[in-house]
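Two complexes, one shared chain (subunit A), two partners (subunit B, subunit C).
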Partner chain A sequence: MERTDDLKIVKVKNVPKRKNKDTWAIIGFIAPAFLIYGVYVIYSIFMTFYYSLFDWTGIDSNMVFIGLENYIALFRDGVFWTSIQNNFLLVIASLFTQLPIGLIMALLLFSPIKGMRLFRSVYFMPFLMSTVAIGILFIFIYEGNYGLLNSVLGVIGLESLQTAWIGKESTAIWAVIATVCWQFAPFYMILFRATIVGIPEELYEAADIDGATGWQRFKNITLPLLMPIIVTSAILSVIGSLKYFDLIYVMTGGGPNNSTELMATYMYKQTFTNFNMGYGSSISFAMFIIAFIVTLFILFGDKQRKGNDS
Partner chain B sequence: MTKLVKKIPLYLLAILILVITGLPFFIMFLTSFKGQMEFMTSPWSWPENFSLDSYKLLIELEFFGYFWNSMIVSVISVVIVIFIAAMASYPLARLTFRLNRPIFIIFMVGMMIPIHTTLVPIFTLTNDLGLYDSLLGLVGPYIAFALPISVVIFTQFMRDIPKELEESAKIDGCSHIRLFWNIIFPLLTPAVATVSIYNFIQIWNEFIFALTLTSSSQTATLPIGLREFYGEFSVNIPGIMAALTLGSLPLLLVYFVAQEKIVAGLAAGSVKG
Partner chain C sequence: MFGKKTLWIMLIAIMLLIVACGPSDETSENEDNTGEDSSETENSGDDSEAEGDEEEITLILWHIETGPSGEAIEAAVDRFEEKNPNVTVEVSQQENDPYKSQLSVAMGGGNPPDVFHSWGGGWLKQFVDSDQVVDITDSVDASLYNEAALSVSTFEDSIYGAPVSMDVVPVFYNKEIFEEYGIEEPETYEDLLGIVETLTSNDITPFALANQTKWTGSFYLMYMAERLGGPELFNEAFERSGRTFDDEAYIEAGQKIQELVEMGAFPEGVNGMNYDTGQSRQLLYTNSAAMMVMGGWLVNNVRDEMPEFEEKLGFFLFPSIEGGEGEQNHVVGGVSPVFSVAKQSEHPEMAAELVNELASLETATQLSNNAGSISAVNGVEYEDPYIQEMSDILESSEAMQTYYDQTLPPELAQTHLDTTQAIFGLSMTPEEAMAEVEEKAKEVLAE
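Moving on, here comes the complex of A and B:
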């Protein structure tokens, strides 16, 4: 696959003979990266589509071509629809928790309070922990009998709220979403903080002369200048939520009763637990298409926004 | 005085967030020093006599093998990514040719591709190459998925280097290889730092490829090892907390030493990405 692409470069570059000297340098410089990327990413996407056209366990070489039947089955598969629904719930919940909380954390780091170094250091810690470690840790936080959350609720007199957070269908997905927020809000905090640092001090000084309140300063200076990074963060958050896997796999395995199933966990289950590699491939290709469409939508929306601004 | 009163809500909010982000770490750390019996009777109290039994157990179980595996895979992948991504970015940033934009976009699009879309083909490919259940088998996919963000960061960075620098070198008859290696690459230090930090954190914590492409405990990386340990000792909660503490320690230590550098690197990487 990538070899033909390389050849294309050669052909096109050979047209203007004068630049021939550069052509080989260009190929030489790009080839190593393009080769690895081509084999593991580009080739794999095509192969996933190819596999999705077969009835195949993955353990034997017996592949039966069945056309689009896997996709037809997918459309009728209730668990798949549950997983899409959960993925979009995660997308929306992430956007409306991670980004605002990340922004509040970033703004706090610029407020005139003492002990800033401690706040800053601790706030960022969750992002450095591996998702697997976070998952295991939060299993114990949400545990029904002695779990940390229930203990805290007991101490502040809210015993009535105590429950087996990730053992119950009604609470499991929210418990997981809260954990995802705990993990990623610090990341957006860092992005927002880096942008706020870059805002020229003169802008605020001018606002002070005009007698602007703190809220006006935020609304008229900070927020507009943060807009580009908020859009970037939104893209990262949406794409990240669509391919989310690790935490759910460790914490709930998609349960109880598929209530926390995501496209990625369902794909993994079908492929490597039930050995339906053909069917699993159709789920992963559907994930690709969904991520692709959503990305196009966001980019288009961003273009519109930029168009309106200028 | 009124100023202080005004600040009280700020402090309360700051401390509330501090507790929510910090308390899980604090409890994890404290619990790791408890005896198993002690945890059963009073799970969230202060440890009576800071016992090191859990850590001794981890050493006996050769938990450090997982560190070693994670270290090898992360370092090899990051070093290769830096070189081949910087190389690929050189023509993309400094030379004009017809396929420049398409190739850049092909790399950039990689950032939105779900890893799961490539999982089965990479699994079969790794099997066919005879690399299943080997650390080397992990390096390929790790590099491939680190390339998009790395190429984007390097390309953006190189575009900002003034053209005059290499103009004079070109007149001297400098080849592209020498131009890249002697003039451009040494100027990339900040971008190299960003790319290494960002990718190191990602690869050190990577889970799904390690889960799919390895199976034995000889090749288990840290996240896989943690999960294995959790499965085997799920009743020994202080032991699990000790494993989590040890597992998180390397990145946290590096973070506390080079905090500003890491934070700036991460921010730069993602903003540009």
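Moving on, here comes the complex of A and C:
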């Protein structure tokens, strides 16, 4: 890296005209994307922060500047802390269930079982369904009185485990998280499968000649070559979980008694149900900060890993 | 050099962005214009009428009626368009719960419909206070409407919306089950508790309730509180004159609910069940639950979903509680739809005309006879015995308690709903729940 930088500086000093041309070309290519990014991302983040400094209903012109009071209230708000906790539960559950299950499914698709094409479609199906449909489907599966899950538990003699899955504060968040994982594992399966397809056959042939077992082949060839895509998946999964909204909104609406509230659903509730645009914006902005810090951590960790590799 | 130039360009880009984001400023100017005073809005109304001969006017209407009620609205719009050939009405049917946020976004974004639906009460008042709703006192004939119905959209003697229908919340029950176990309609709360015991011992869930939806559970709290504390309890707490939301009657109401929960009066996991996806009604239809405290629209649901169940469906009024101040003929009810005109409408006078057509005797008659709601417009002749009976109840009742969640300001309403759900889930004691409501009330109602 350093060497190329040096080179550039030398170049710049020698042929300044060339540099100008490049600059305009670069700007020309970046400007359209930057404009869109600016309007929809940078400007929005800035405005969110701006609104969060006001006591404002969001529907009238009467905005009262209250400085950081929304943030002070936020720190004292128990529901907000519950929602952060739930978000991190979701992050952990996503990382440690969606990715491994996606990987296992991807590996299964390479095993010499008959009818693999059918399984490929079946495995991918959950990801193709609309979130609202999934939500309603699982509401009925989890239903406490005549739901599918309880019926199955009854049939196999586990009546003691029967409960109202999304009606109880203690189980609701787990029931929804399980649904989220069910929906998104196939997405990672497709990513992993595409990468595995790209691994050269020769490596496996060489391993066979050396007498490697199946596990050794996986550990020493497949996994290392999958690492970059696993890191990308982890980032997607973490950010996705921190911003998650859909299934919670459809299945529990944040209830019962706020036990499944996420930052995004709580923000929605405050902004649009309670008419607290200012407070809602401060939740939004806090979400942004949290997601930002977490992303920095992951990127930093990944950099360390790459450093160790070389 | 390199860095400086890019910096400049970025700066210019940002400036461009700010200019590009101008529309929000424009809309706020518009708001100012329309909001200045009523004489100006009248002027713009006159303009539009003058233009009317040559120019086409388009009005946008948002409503949330479905099925036969939706057809009644469509019919009213057709009549209106026939009378005013130069006007086209774009009807947009919205979904119940998302509608609330949809409208507030539209109002805030400067692009609301001309005529919109509401339930009156605190929710509508929020928009009135934000100067978003046209005062239509002069364009509607107040004498046409039921007084109680009109009161939900009347603030400080000005009318901000015209009501079409009303609903009463009785206790519906399955006659077949009642006959099978020799149960009579209860007259006292003791009777009701006896019924709950009989039913639970026969493995039938006494009350079908889907309380993820929250307003469904609120019915029980409203009735208990009214029966214990009398019809003035809520008004005193709401108007901050006398008793408060943490009054003993409210706490006892919460205790009574938890007592029912512990007796097994509600289905497993009530707080996870959703009314909109029919989870409580299924229990009723399959004879696994016997009763349901629900608005008159349940009849409409039944006709839609399981018409053969209608003959099994009976109802009684929530019984009085011994020692309480409330009476059995005091009912919980509400008004819906109420139609109002948005201040930002370009043709407020035309829009008010549309409101008159929507809240006309014809619409109300059609709604009552086809969709099972009680008319808020006087003089409707009911064909449906159910509705006739409910209308009689409403007329003979000495007090009507409007739904808390629509009467209270939204934030306080949410606290009421959340805490009531927590009471049903036994995760809050009634004392804690009511203290939280009272604390929020002090904060919100003090303003």
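We adopt the following convention: the second predicted complex is superposed on the first by the 273 of 310 C-alpha atoms of A that agree within 3 Å, B and C clash if a C-alpha of one lies under 4 Å from a C-alpha of the other, contacts with A are read in each partner's own complex, and residues count from 1 in each chain.
The criterion applied here is as follows: contacts are C-beta pairs under 8 Å (C-beta built on N, C-alpha and C of every residue); 3 or more make two chains touch, one makes a residue touch a chain.
As the structure is a prediction and not an experimental result, all values here were calculated from the model.
K.L.:
Just subunit B (first), just subunit C (second), both, or neither: which does A:G144 touch?
P.N.:
Only subunit C; A:G144 stays clear of subunit B.
K.L.:
More residues of subunit A are touched by which chain, subunit B or subunit C?
P.N.:
B
K.L.:
Pick one for A:I136: touches subunit B only (first), subunit C only (second), both, or neither.
P.N.:
A:I136 sits against subunit B and subunit C alike.
K.L.:
Does subunit B (first) or subunit C (second) touch A:Y43, or do both, or does neither?
P.N.:
The answer is both, since A:Y43 touches subunit B and subunit C.
K.L.:
Examine A:F272 and indicate which partner it touches, taking first as subunit B and second as subunit C; both and neither are also allowed.
P.N.:
In the superposition, A:F272 touches subunit B and subunit C alike.
K.L.:
Now for A:W182: first (subunit B), second (subunit C), both, or neither, which partner does it touch?
P.N.:
So A:W182 only meets subunit B here.
K.L.:
Does subunit B (first) or subunit C (second) touch A:A164, or do both, or does neither?
P.N.:
It touches subunit C, and subunit B stays clear.
K.L.:
Quick one: is A:T57 in contact with subunit B, with subunit C, with both, or with neither? Answer first, second, both or neither.
P.N.:
Once the two structures are laid over each other on A, A:T57 reaches subunit C alone.
K.L.:
By the touch definition at the top of the document, which applies to A:F34: first (subunit B), second (subunit C), both, or neither?
P.N.:
Both partners, subunit B and subunit C.
K.L.:
With both complexes overlaid on chain A, does A:F88 touch subunit B (first), subunit C (second), both or neither?
P.N.:
So A:F88 meets neither subunit B nor subunit C here.
K.L.:
Report, in rising order, the residues of subunit A that make contact with subunit B in one complex and with subunit C in the other.
P.N.:
The answer is residues 12, 19, 23, 34, 39, 42-43, 58, 136, 140, 146, 268, 271-272, 277 of subunit A.
K.L.:
Which residues, counting only subunit A, touch subunit C once they are in their complex?
P.N.:
So the residues of subunit A in touch with subunit C come to 12, 19, 23, 27, 31, 34-35, 38-39, 42-43, 57-62, 136, 139-140, 142-146, 163-169, 172, 252-253, 255-258, 268-269, 271-277.
K.L.:
In the complex formed with subunit A, which residues of subunit B make contact?
P.N.:
Within the complex, subunit B touches subunit A at residues 7, 10-11, 13-14, 17-18, 20-25, 27-28, 43-44, 84-85, 87-88, 90-92, 95, 97-99, 103, 106-107, 110-122, 124-125, 140-141, 143-145, 147-148, 151, 175-177, 180, 201, 204-205, 207-208, 212, 222-224, 226-227, 230, 237, 240-241, 244, 247-248, 251-252, 255-256, 259, 263-264, 266-268, 270-271, 273.
K.L.:
Quick check on the complex: what are the subunit C residues that touch subunit A?
P.N.:
2, 5-6, 9, 13-14, 16-17, 20-21, 28, 31-32, 35, 100-101, 104-105, 107-108, 126-127, 129-132, 205, 211-212, 214, 267-274, 277, 279, 282-283, 286, 288, 410-411, 414, 418, 421-422, 425, 427-428
K.L.:
Taking the complex as given, what residues does subunit A use to touch subunit B?
P.N.:
Listed in rising order, the residues of subunit A that touch subunit B are 8-9, 12-13, 19, 22-23, 25-26, 29-30, 32-34, 36-37, 39-45, 47-48, 51, 58, 104-105, 108, 111-113, 118-126, 128-133, 136-138, 140-141, 146, 148, 151, 182, 186-187, 190-191, 193-195, 229, 232, 236, 239, 242-243, 245-246, 249-250, 263-264, 267-268, 271-272, 277, 280-281, 284-285, 287-288, 291-292, 295.
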